[in-house]
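First the structure, which I've put down as structure tokens, then a few questions once you've had a look.
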Amino acid sequence: METIYQLLQTWLPNLPEPIMRLISFAVPILFVISVFPGIFAYTTLIERKALGRIQNRLGPNRVGRWGLLQPIADGMKLLTKEDIVPRKADKFTHFLAPVIAVIPSVMLFAVLPVGSGLIPVNLNIGILFVFAISTGSVLALFMGGWASRNKFSLLGAMRAVAQVVSYEVPMVLAALVVVMATGSLSLLTIAQAQSGGFLNISNWFVFQPWGFVGFVLFMIGAMAESARTPFDIPEAESEIIAGYHTEYSGFKFALFQLGEYLASIALAGVTVTMFLGGYNGPGSHLPYVGWLISMGWFFSKMMGVIFIVIWIRGTWPRVRVDQLMSFAWKMLLPMSIINIFAAALYHFMPSKFLAWVVTAVGLLICWWGLAKLNSDGEIKKRTYRYAN
Amino acid sequence: MTTAFWIISAVTLLGAVLAVTLRNLVHCVLALILFFLGIAGHYFLLRADFLGVVQILIYIGAVAVLILFAIMLTRNVTGTEGPREVFGLKWWSGAATAAIIGALVLAAIRRDELSKLPTSTQANSSVLEIGKLLVTDWVVPFEAMAVLLTAALIGAVVIALEEVLRRR
Amino acid sequence: MEHAEYLQQLASQQWLIPLIPLVAAGIQALLKQRSRKLSATLTISAMALACLLALRAFFATLGGDHGDHHEVGRAFYNFTWFAFGTTKLELGFILDPLTAGMATMVTFVGLMIFINATGYMHDDVNFTRFFCFLSLFAASMLGMIISNNLLLLFMCWELVGLCSYLLIGFWYYKPSAAAAMKKAFITTRIGDVGFFIGILMLYHQTGTLNLYTADGTGALQQADKLATLAGWWGLSMAGTIALMLFIGAMGKSAQFPLHVWLPDAMEGPTPVSALIHAATMVAAGVFMVGRMFPVFTAGAGDWVMDFVMWVGCITAVFSATIAVAQFDIKRVLAYSTCSQLGFMVMALGAGGLSAGQFHLLTHAFFKALLFLASGCVIIGTHHEQDMRKMGGLRKYMPITFVCYVLGTLALAGFPLTAGFFSKDEVLLVTYHHNKLAWGLATFAAFLTAFYMTRQIFMVFFGKWRGGEAAHGHAHAKHDDHGHGHGGHVPHEVPWNMTGPIAILSVFAVLMGWLGTPWLGDNFFHHYLAPSEPAPHHSNLVLWLSIGVGLFGIFLGWFFYGRRPMEHATDADPLQAKLGALFTWLNRKWFIDEIYEATIIRWTMALGVLFRLVDKLVVDGLLHAIAWITWGISWFTRQVGDELIINGGFDAGCEGVRGYAKILAKLQSGRVQNYFRILCLGTAILLVVYFIK
Amino acid sequence: MSITLGHYLALAAMLFTIGLAGALTRKNAIIVLVAIEIMFNAAILNLVAFWHFKVFTTLTAQMFAMFSIAIAAAESAIGLALVIAIYRHYRSVDVDEMKTLQG
């Protein structure tokens, strides 16, 4: 934002001040609300295609070449559908929920550095902002589920709330190691801290033991936060129809989907920024074209992360509610706390190679130990009480 | 700043009034969230960004959700209260007391020299500074707070679980 | 290092002494119920450590040359606790002979009691809790001893009260224990009100709560100034404050009429009784008077000191008479403690600081010994406390018996034991102060010797009377289960119970030589209060006290040892066997027979006269002594103790309850109501503020 | 008109009054807790305003605010747990029905 403002001041100094301000506001906003929904639209397509391939079928291929126009068709269909509101529903809240679902998701993009020096708002508390905003989506889910006056909706809403609140804790703690390493909460600073090294790659945090563990934990947390399979019990169709958006249709349903996907994409972006070097990559610091190349890197990494998420969705079964909770509190939380210690240890050990080895081994041992502690013992052949 | 102050103040006050007057408990909490947001906005306006974010994170992310959970767990899922309370002596005495206190505090503020301070204001506070203070000068309260929160966590779980445990 | 400097350094480390047991208590509070060994180890090692520290302080106060100048070596360390505005609240620690002596005694006796308690409480489920409380008890007492500040002293004082409350009611499921704990707490609290008023007055007058300060503005250093001010009831300010403080001490040290809680405190486990009676609770009051002694002496012109002395004297006699007629082994000891505390207070009232404190120290040793030994007896006889159902334990519990006898001799003031020297000192001081009080005290000393001997003979001599009624049943049980417990036959207790009492008995016998006037200078007197003039030696006092002691022992033997009780259901010889006693006296003296055989005829008239003399004077005297003693004790117990004092307390409690019921109507139980009233009050205050 | 400290103090006072009125008049325990949260926040707003308008020059006010927020969080957690426990016992969250402690 400031960059654009300065650019305008140098290139078009005659422009009146308010207009310059307006343009510098408008450009990033336009960028965010045009690019990311576009990504959302095609993510859905990619997801359907990929899932199709994983499940040994073709996926959408009727609308346009390779089904490329499918998202547009879907959008038109949803827009023209009848908007049904249950008679007993709490009308106002029912209406408000999908709106609120989208707002935090869009706001998340405000602090993402999408390229070298390209960040809509360089907030010095970027990460905290991300977490604070992403909790807002909980409310939308709750409001939607509660306002529908439908027990499945309400169950889904309560599950969503419990899940998001639980997974936020290990997620924040996992992100903390990055903050410790860079000494800043600003996402831009964090991205900058991972530049340099071999081909702008070797300094990515994911290549440190604690960074890798943090990455895994953060990914899991982010997936749970945006209710992706295998953590999609809030909308587990086999148990509670469609969870909190059972009673939604048409455009409101689309808004819920939009919010969910946008949050997922934004969290993928945050993951990339924090652990996968952000926009850094070979050529991202070249003069003149560096910003374009870095942007390319950022988006390709982001799509990579999204693809991993889709991949997991296609291959993993859904977890049970109690498993979900105990996984967050008994596995992820201790591990993330241990990870913080590991990062501190790494920081204070003189020889970085030794530190690497020691923390890696230590974390492996802890992971193994925690897994051992949490396991219910050997998996035996299931016995049935009544069926036999 | 002036315009923003008035807008955010209006939102905050609206949220507060709705939170204590609405009949539906869930609506109350939603109004409370509005109020929290307004307060957070005020923090941003007052250049205490960190506190603003903390406000959102803790109050909206945790406290409000907790209250919603409490409402759900008290089996009052639709959130509706019983028949409207009569505006009896209790109600009027309570409201009047609050009004008297509020009026007097406002009068005190009007009287006070402090409130006419020139508008010399702080620059943005850095998170780094807050963090450093937390682990140097304020480390004892900080640790005490950590203990308190842990104790509260355990205590809350124990209190809420008591009956469940007894039943087993 | 300069000696004063060394003392100073030690004084600043005094807090370690109470801290160690306190930390031990804190850790134990977190222990599981079954970690008994760890708990006991913690308590005992903490106490041992504290004992070592106290010993270090003690030897430090011994060293250095006081020379001839009449000043004790005293070091203190004050620091600011917190400040609001310009008002600072200071706390401080002190190291002087009084502190060092007391700390050594408390830690050592406490250590012995703790070790013994591991045996006594062996089968209790709440072992850990017990030791936690014990540690806390010792810690608070030590905190009181080392404090150079009335605030700290008062806090620890209250903590001592709390701990005694917790420990007396340790078996809270027994209704009598629950009642006793409340009684102890409330009764001492009545005294504490006086104490607190005294503290506030002192603070008001001197502007400081510190006892001693480096610049000489401490509360005690200003005592002389207080004596010049006018107080209440025609007393000087110093006298008034001293009176108030003494009321506190009366509650804590169980002086008449606030002594009622002490006998009931027997409901607690025996180690607790030992602790309360010897080292901590009741010693607190006497110690406090000793600590505040400058205030007392400053008001010496008033009747306060006489009041103190007479309260002590009355308590001493009063309790001693009661102790004569008791059958519960611990109750006898309890009344005896009361009586001995009376001695201490009386000595203090007579101006003998060192005498009072010396008796406190020696008494702590032998009373702890007696209580622990009685605990051993109780354990050895399977929780039997009635002396009538004991007897003959000498054969079953030899170690306990020897220790018990040594403790009894010390308490009875048998020559050359600890009690002899300290009691003699007390009597000497009193003799020089007031002859009547001395006479009464001597009578009390006589009774002491009498009832202790009675106890010895009832418990340890004769034949085993326990389990008579239930014998057959126990035998059948024995056959059925075949457990080698020997039915109800008493047995000796394990070494961890006998060890401490053996050690204590050594001290009970030898401690007295610290304060004997015979070995050159009176060491203890010189150590504790060099400025106090040593009382003149008096042969009358010395021989009379020896005499009454021996006479008491003799009478005890006379009534109980000569012909021990046969059955548990037999009446007390003193009470019921008077008829037999009568004839025996007749035959013993043989006055009629001798006179008739030798001077048969011409002394017929004289013989009649002799017979009359015999009947009326000689027999009458002996019987009168017995009857009067018994009658007084019965009367004081039934009328004085049970009816007036206990009944008065109960009536007071009922009255409070009645009024409380009216007030309780205000308490609607609705939080919002309270909140509304609170806010209304705030609003009114604000309005007042604005109008003003 | 520029914004002074007085504006913030007045705002906080109003919010506090609203919270107080809510705590005094509502019968539902949960709403009473909500009202208490409002009062908390009003007080914290004051602290931050004091800092912003340089009544305190150091960050002490922010520290206090942060600790207050943490305490409020703990308080609400405990409070709500109690409400749930009470509800389980009495089947009601009406503060007027919690009167077992009456004399």
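Labels for the chains are A, B, C and D, by order of writing; each one numbers its residues from 1.
Simple rule for what comes next: contacts are C-beta pairs under 8 Å (C-beta built on N, C-alpha and C of every residue); 3 or more make two chains touch, one makes a residue touch a chain.
Computed from a predicted model, the values in this text were never measured in an experiment.
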Q: Please find the two chains that have the most C-beta pairs touching each other.
A: B-D
Q) Between chain A and chain C, what is the separation of their C-alpha centroids in Å? A) 74
Q: Let me have the rounded angstrom distance from the C-alpha centre of chain A over to the C-alpha centre of chain D, please.
A: 34
Q. So what's the Cα centroid distance for chain B and chain C, whole Å?
A. 57
Q. Centre to centre, by mean C-alpha position, how many angstrom separate chain C and chain D?
A. 53
Q. So which stretches of chain B touch two or more other chains?
A. 50, 54, 62, 69, 90, 93-94, 97-98, 101, 105
(Q) Can you list every residue of chain D that touches 2 or more other chains, as numbers and ranges? (A) 20, 24, 27
Q | Numbers and ranges of chain C residues touching at least 2 other chains | A | 672, 676, 679
Q) Mapping chain-to-chain touches, which pattern fits: line, ring, star, complete or other? A) other
Q) Can you name every pair of chains that touch? A) A-B, B-C, B-D, C-D
Q: Would you mind writing out the residues of chain A in touch with chain B in their complex?
A: 90, 93, 123-125, 128-129, 131-133, 135-136, 138-139, 142-143, 146, 149, 154, 158, 161-162, 165, 168, 183-185
Q | Interface residues, chain B side, partner chain A - complex | A | 24, 26-27, 30, 33, 49-50, 53-54, 56-57, 60-62, 64-65, 68-69, 72, 77-79, 124, 126-128
Q | Interfacial residue positions of chain B with respect to chain C in the complex | A | 90, 93-94, 97-98, 100-101, 104-105, 107-108
Q | Residues of chain C defined as touching chain B within the complex | A | 672, 676, 679-680, 682-683, 686-687, 690
Q.
Under the stated contact criterion, what part of chain D meets chain B in this complex?
A. 1-11, 13-22, 24-28, 30-31, 33-35, 37-38, 41, 44-45, 48-49, 51-55, 59, 62-63, 65-67, 69-78, 80-85, 87-88, 93
